[in-house]
Amino acid sequence: MSQRLSLSQAFAFLLRRDLLLALRNRAEYAMPLLFFVLVITLFPLALGAAPELLARIAPGIIWVAALLAAMLSLDSIFRSDFDDGSLEQILLSAHPVAVLVLAKVCAHWLVTGLPLLLVAPLLAEMLGMPAAAQPTLLLTILLGTPILSMIGAIGVALTVGLRKGGIILSLLVLPLYVPVLIFAASATENAATGFDSSAQIYMLVAFLFLSTSLSPWATAAALRMSVS
Amino acid sequence: MFLWFHKLGSPPHFYRIAGKWIPWLNWMFLVLLVAGLYGGLILAPPDYQQGESYRIIFVHVPSAWMSLFIYVAMAVCGAIIIIWRMKLAEIVLISSAPIGASFTFLALVTGSLWGKPMWGTYWVWDARLTSELILLFLYLGVIGLHNAIDDKRTAARAVAILALVGVVNIPIIHYSVEWWHSLHQGATVTKFDKPSIHWSMLLPLLLMALAFQVYYVLALFHRCRAEILRRERNSKWIEEL
Amino acid sequence: MHSTVLLQTCNLSCMRNDRLLFEHLDIGLEAGQMLVVEGPNGCGKTSLLRILTGLRLADGGDVLWRGEPIDRLAGDYFEQVNYVGHHDGVKHELSCLENLRLARAMGVPSAHDLDAVLDMVNLYAYGETEVGSLSAGQKRRLALARLLATDALLWILDEPFTSLDKASMALFSGLFEQHLQQQGVIVMTSHHDISLPTQSLQRLKMGGAE
């Protein structure tokens, strides 16, 4: 009899499998990114293109848009696995489900959160954000979006079994996003106005550790609830 | 001890006990409420800064306390549901949510009514009002999720997980919002903070808090009894009632 | 005698939406035995199977594996179980081989080579084909191929023969028989009349008067 894979191998396997699936469904995963860009273009159209106004509200706009884009993409973490029964197989795995969930959330972040990093500098430039603030903006996105995926995973896991999960999902998840929004937007704003933003960055790091260590357990419990 | 716990946990038993307690709780609530209101509205002196309008704190502050207390109570039920799968905890959790949401709403309304004479507007993005608003969303999420799931035992498990997640997040949200507020508003006076409070105001405040606490238990018992009847409508002991 | 009972339920009960599906259910399965659960639609067959897998919680009673409650065994139980439910649990965007590799990564890989496994279920030619382009019956065969790709003692199968043709049904009945001979245990539901080894077969009739 052969042995089962080690936990890290299983983690890597599932991560790779989800990335492969994303690669084969490219069009679907490009949507949140498109949405992110689209929402940000709406603001100058609604508020007028006065450069000083846009520059002032740019950090807030970018982060609100990132929040909405993250929320829009959440459903894809578990939806297709739930629909075709793969989720049952994952829950029946010999490995701890929380670790497998972490692999799926990591994969999801790599395909939906990370791309925001690529377009954010462009959008920041379009909104006239000072160049000095851009490294901080990218850092907050790098630290903040995985938190959004972690928290969001709990929400999706709770609602994936529902026919109309979408609207409930936003009600569950958006209030929990508030701390990330506050600290990330404020860090960027501080950087744009030439102040120190290390306090906010440290808070985001703390949130990241906290959510990474707690969220997979809650998500696993919620998934067990959803399939039963 | 465990046996007692187990017995109390059985819905029929709880149904009867709660039924016996309700008249007593009615009286307790009434007495505390009248005493608290009398102390707060008539005996307590007007505030030297805010005049008479401060008196709304006798409703506002206790309901804000209750809004937090009930969420924590729900999270405790959530832990019991996940660990022991106790039916009564499911019923208490579900029955608590609308009561908690109502207290939160009351705290918001009284807070903004208080804001009108203080700030000249019904709504300011004050730290506590803002966190209270987010708390209301958390409550609505719990209620919404419960309504969306057909099987009530599954729904209870979902809501239990959500309440636990929420209770971890509440302090984080609260302090984030407070921090955000201090950052954006600078050194404005937070009107809700009182350095010291005279006993003639404190005593009615505590009485009101106690009255609200009793009201919560009272409302909870009523709702739980209704929920028990709904859930166990097919079982034998209900037909005997 | 007692030690050979692998899967056992004690006083199992299950509710759905306040409706009692079954109660006081006691099952005992020894190595090499098979249980066929029968009954009309909605009588709780699928719920029972899902409780046995541990996907669903029973509303009362216990499921024991070698005398220990399955919720305490967790992963040690799951590696002994292979479940094929209503859904095939295969990803349409992946090829047959990729799907089976995933199944192996999640459980305990069997000694068989994956090409050999595909050969056994007559899908050898489709190893690199995306599952989305297969027919329903071929997908079902791929789902059942998971049973061979991993080493699990307990097979729990919910309507395994759905959308299979006669030849495939015979093929899998043969494979089930082989599994029983190797001291495995099978629990399944089926509306199909198939030839199954009778000597080690238990039948459970569900639903009816209640």
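Note that the chains are named A, B and C in the order they appear, and that numbering of residues resets to 1 at the start of each chain.
Throughout what follows, a contact is a pair of C-beta atoms (placed from the backbone, for glycine too) under 8 Å apart; a residue touches a chain by one contact, two chains touch by 3 or more.
Being a predicted model, the structure only gives us computed values, none of them experimental.
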Inset, instruction - Starting at chain B, find the fewest moves between touching chains needed to arrive at chain C. - result: 1
Legend entry - Chain centroid nearest the full-protein CA centroid: A
Legend entry - Higher-contact pair (C-beta pairs counted), A-B versus A-C: A-C
Inset, instruction - Would you kindly tell me how far, in whole Å, the mean C-alpha position of chain C lies from that of chain B? - result: 47
Inset, instruction - With chain centres taken as the means of their Cα atoms, state the distance from chain A to chain B in Å. - result: 32
Inset, instruction - Could you put a whole-Å number on the gap between the CA centroids of chain A and chain C? - result: 36
Inset, instruction - Identify all positions of chain B at which a residue touches two or more other chains, and write them in rising order. - result: none
Legend entry - Touching two or more other chains - residues of chain A: 228
Inset, instruction - Give the residues of chain C that touch two or more other chains, as numbers and ranges in rising order. - result: 57
Legend entry - chain C-touching residues of chain A, taken from the complex the two chains share: 1-5, 9-10, 13-14, 17, 20-21, 24-25, 80, 83-86, 88-96, 100, 224, 227-228
Inset, instruction - Within their complex, state which residues of chain B touch chain A. - result: 82, 134, 137-138, 140-141, 144-145, 148-149, 154, 157-158, 161-162, 164-166, 168-169, 172-173, 176-177, 179-180, 183
Inset, instruction - Under the touch definition given earlier, write down the residues of chain C that touch chain B in their complex. - result: 15-18, 57, 59
Inset, instruction - Using the touch definition up top, name the residues of chain C that touch chain A in the complex. - result: 50, 53-57, 75-76, 78-79, 81, 83, 85-94, 98, 101-111, 146, 151
Inset, instruction - Mind listing the chain A positions that touch chain B in their complex? - result: 154, 158-159, 161-162, 164-165, 168, 171-172, 174-176, 178-179, 182-183, 186, 207, 214, 218, 221-222, 225-226, 228
